[in-house]
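Consider the two complexes below, in which subunit A is the common component and subunit B and subunit C are the respective partners.
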Partner chain A sequence: MTALLEGEDLTVRFETDDGPLTVFEGLDVQVEPGEFLTVMGPSGCGKTTVLNALAGLVPLERGTVRYDGEAIEPGEFSYGYVFQEPRLLDWRTVAENLAFALRGAGVPEAERGSRIETWLDRVGLADEADSYPRELSGGMRQRVGVARALAVDPEVLLMDEPFSSLDDVTGRGLRRDLLELWGETGKEILFVTHDLREAVTLSDRVLFMDAEGAFFDEAEIPHDRPRDFDDPALGETERRLAERFFAELG
Partner chain B sequence: MRRWLRVLVTLLAFLLAWQAGALVLGPELLPSPARVAARLAEVLAGTGPRDRGALYHLGRSFARVAVVTVLGLALSTALGLAMGVDDRAERVVAVWLPLWMTVPTLVVVLVSMVLLDFSEWAVVAGVTFVATPFATANVWEGARAVDPALLEMARAFDVGRWDVLREVYLPATLPQVLGSVRYLLGMVWKVVVLAETFGLDEGLGAMFRFWFNQGDVTAILAYLSLFVVVMVALQYGFGAVSDRLLAWQG
Partner chain C sequence: MAGETETARTGRSDPFERVRRRLPDPLSVGSVLAVLAAWQLLSLSFPPYRFPGLVGLAENVGTVLAGTGEFDPVLNYGVTLGRVLVGFVVSFALAAVWGFSMGLRPAAEDYLGAPLFTLLTVPSVVWAFLGVLWFGLTEHLVPVFVVVLVVFPYMAVNLWEGLGAVDDRLVEMARAFDASPVETWRHVYLPQLLPTLFATTRLGLAVAWKLSLIAEVFGAATGVGVVVKYHFENFDTGLVIAWAVPVMALMFGVEWLLGRAERRASRWRPEGSVGTEVAPE
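Moving on, here comes the complex of A and B:
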């Protein structure tokens, strides 16, 4: 099967006061059509930079990005981005925050209202269209972030630890909702996390990154869907992968 | 204590102190509030020098203040934002800003009056020159503090430069812009009156000079009361507008 989104020989280096810092070098990543792929690794290993490099938000020193088999400029494919923090405009209402992204995506004005309504409804925030972000809870703000990313109707959803700052109950609810939305929309998701249980619950496949920014292992997650966060079988898979993962990381 | 009650108590305390001062110093040096109020009613109702009433002179000063405030605000917002957005603009203007801020107000007003032949434009140019750098520095600080995470979000959603300026930079720096307006309103009034005192025949400053030359302290204080009432009303009115515009801060 041809990968939908592919990064080949990706190399990112930043200039720092102490000289050049290599985040990763010669990295390959492929997201298959309809796949939920997770990049898992310890904090600071460069997981987020993988997303940002594909999205064209950080410059590549070397490497090729392909979409549907064709070489493209990084970021020149249809994606929606859900960040670790919601990154909302505090001075705009929830609906206006979505409109901001829709305008960027070139969605005609006449279509924006119905899209905003649809996606706020899908994430359970239909009544909050006129609220300001500061009036919402952390979980609700993150839902706005998810709605904003989906409202632009992207082919690929890039998600950077979107539930890591939420409490356990809110995080579980949002993960369940995300899986439902993914099932309904069939979009490819490239997800980043440092939480193995989250990776196992959500993903089709997990790529493991070490502290030097190299993929050292990958695992298919064979469990049927829908998945239950508390399913003991998932717990067993998590335990098995943790042994592999942490043995490698030392 | 309620706000209006606080204002009333402050006003009463001020009038009492004034009355006490008038009793100690005598009416020649410090006329009582009642005498000044009676004189104020006279200058408001009747005509003063050059067959013009106090309201005419107030109007002249007010027009100058309005023009300079709008000009100063436009210039400082444009310069401050440009410095926040563009490194080159920042490098060029930042070099001049300290110099621009340290030129004494009095010198600028005098030089402007001489260069522009004591015309209307001499006041406008001189006061704008004096007021703009402080407001620029203020807006620049605000633009520098714009959250880079929001700018990255805007890039991820492919939002255009103009929309980023309008939807991110301007609202994010609105507290600083409004602070600049408050500052400009206060500063511009004072410097306009100063400039009028030096070299113009119309406006509140010209009236201060005229009545000073006549040795009429009561008339000076009557005009001064008018000036202060307008200043305070403007500041209060602006405060209400400002609170409304920043309602999203909660």
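Moving on, here comes the complex of A and C:
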């Protein structure tokens, strides 16, 4: 099976006042069709930059991005991005926030209204189309972020710790809904987190990144879906992986 | 889902609140009355030709408004306002190009920054004298020249700083969703720049109006500055003050309009939360 989205030999360096800073060098990553892949690592190791490099939001010093086997410019594939913070336009209504993304994706005007309605409904915010983001709770705002990313009907969903700033109950609700949406839409998801429990609960496969920005391990999460978040077997997998993971990180 | 929907219902104002907001703020009414009372009290300790009381002031304003010939208020205020507006518009355009170039292109910051800060150090009187020396007595050129050279650097610095406060994360979001440059300006930059644009407009108009008068004193044949200078040379304190009053009233009106426009533009902010996060996480 060929990977759908593939990064090869990815190298990102930033210029800083103290000279060049290597975020990662020669990194390979493959997202298989229909896969929920998670990049897991400690804070500041460069996980987010992996997403941003593939998405063309940070310049690559070296490396190739391939989509469906063909080399492409970074970001020149259909993706939706869910950020760590909702990153909504606070001065536009919820519906207008989605419309902003739809215009960017070139969705014709006639189609936008129904798409917005559909996706707000699917994330449970059908009644909030005319609300301003500041009138919503943190969890609701992040739902808007998810709806915005899915509304552009992307092939791949890039998610950068989207639930890490939410409280436990809200985060749980959103994770459950995300898995449901993923099941319905069959998108590939490339997910970033520093939370092992979250990685185990959501993913098909987890890539472990060390503090130097290299992948040092990889694990398949074999559990059946739909998963029960309180399933002790998931907890057992988490414990086993934690040993491997933290042994390496020392 | 449930439970979340009840939270953070802020920002919907009730009708009483809306009526109350339409009435003038009691505090500002009080402060205006206090200034008027202080004026009247102070005037009692001076002879009327040095510092007129409120009645004398009102009479003088009446004289100003009834003026004819070279003291025609419509002519003089019209000419001065025209210069203020032209100076302001030119300054704004120049400041926008200059300030935004500095803000958006780090390479341009050094090149454009140094001349800007040099301009800021030149006293406005020097520009006024230079204007007259270079251009002579002119109808519009000298006042507009002085206004632009003094006002535009302030506005440029303001706009440059305002651009620095724009949230880069939203700009990145716009890129991630393939927003066009026009879309990005319209929905990401401009709304965040609005407070800066309003502040810059206020500053620009206020300074432009003051400078216009100074420039007129030195280098024009008509305008409020010229008339004020005439009354000054005749030691007519009452009329010097009275000529300023209508413009003060006008600037008050402009300020009120700007305030209204700004509140309209910020209606997405829940009440009482300007600049802060309100909704619980």
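Observations on the model:
Just so we're on the same page, the second predicted complex is superposed on the first by the 250 of 250 C-alpha atoms of A that agree within 3 Å, B and C clash if a C-alpha of one lies under 4 Å from a C-alpha of the other, contacts with A are read in each partner's own complex, and residues count from 1 in each chain.
We take it that a contact is a pair of C-beta atoms (placed from the backbone, for glycine too) under 8 Å apart; a residue touches a chain by one contact, two chains touch by 3 or more.
The structure displayed is predicted, hence computed values, not measured ones.
With subunit A as the common reference, the superposed partners subunit B and subunit C clash. Using the contact criterion defined above for the overlaid structures, shared-chain residue A:F191 touches neither subunit B nor subunit C, since it reaches no partner. Of the two partner chains placed around the shared chain by superposition, subunit C is the only one that A:G124 touches, whereas subunit B remains out of contact.
In the superposition on chain A, A:L166 contacts subunit C only, with no contact to subunit B.
In the superposition on chain A, no contact is made by A:F36 with either subunit B or subunit C. Between subunit B and subunit C, it is C that contacts the larger number of residues in subunit A. Once the two complexes are overlaid on the shared chain, A:R141 sits against subunit C while remaining clear of subunit B. In the superposition on chain A, contact of A:F229 is made with neither subunit B nor subunit C.
Touched by subunit B in one complex and by subunit C in the other are residues 55, 57, 79, 81, 83, 85, 87, 89-92, 100-101, 103-106, 132, 134-135, 148, 152 of subunit A.
Subunit B meets subunit A in the complex at residues 149-150, 152-160, 163, 167-168, 171-172, 174, 248-250. Contact residues of subunit A toward subunit C in the complex are 55, 57, 79, 81, 83, 85, 87, 89-92, 100-101, 103-106, 124, 127, 132, 134-141, 148, 152, 165-167, 170, 173. Residue ranges of subunit A in contact with subunit B, taken from their complex: 55-57, 79-81, 83, 85, 87, 89-92, 100-101, 103-106, 132, 134-135, 148, 152. Partner subunit A is touched in their complex by these residues of subunit C: 1, 4-5, 7-11, 169-170, 172-180, 183, 187-188, 191, 268-270, 273, 277-281.
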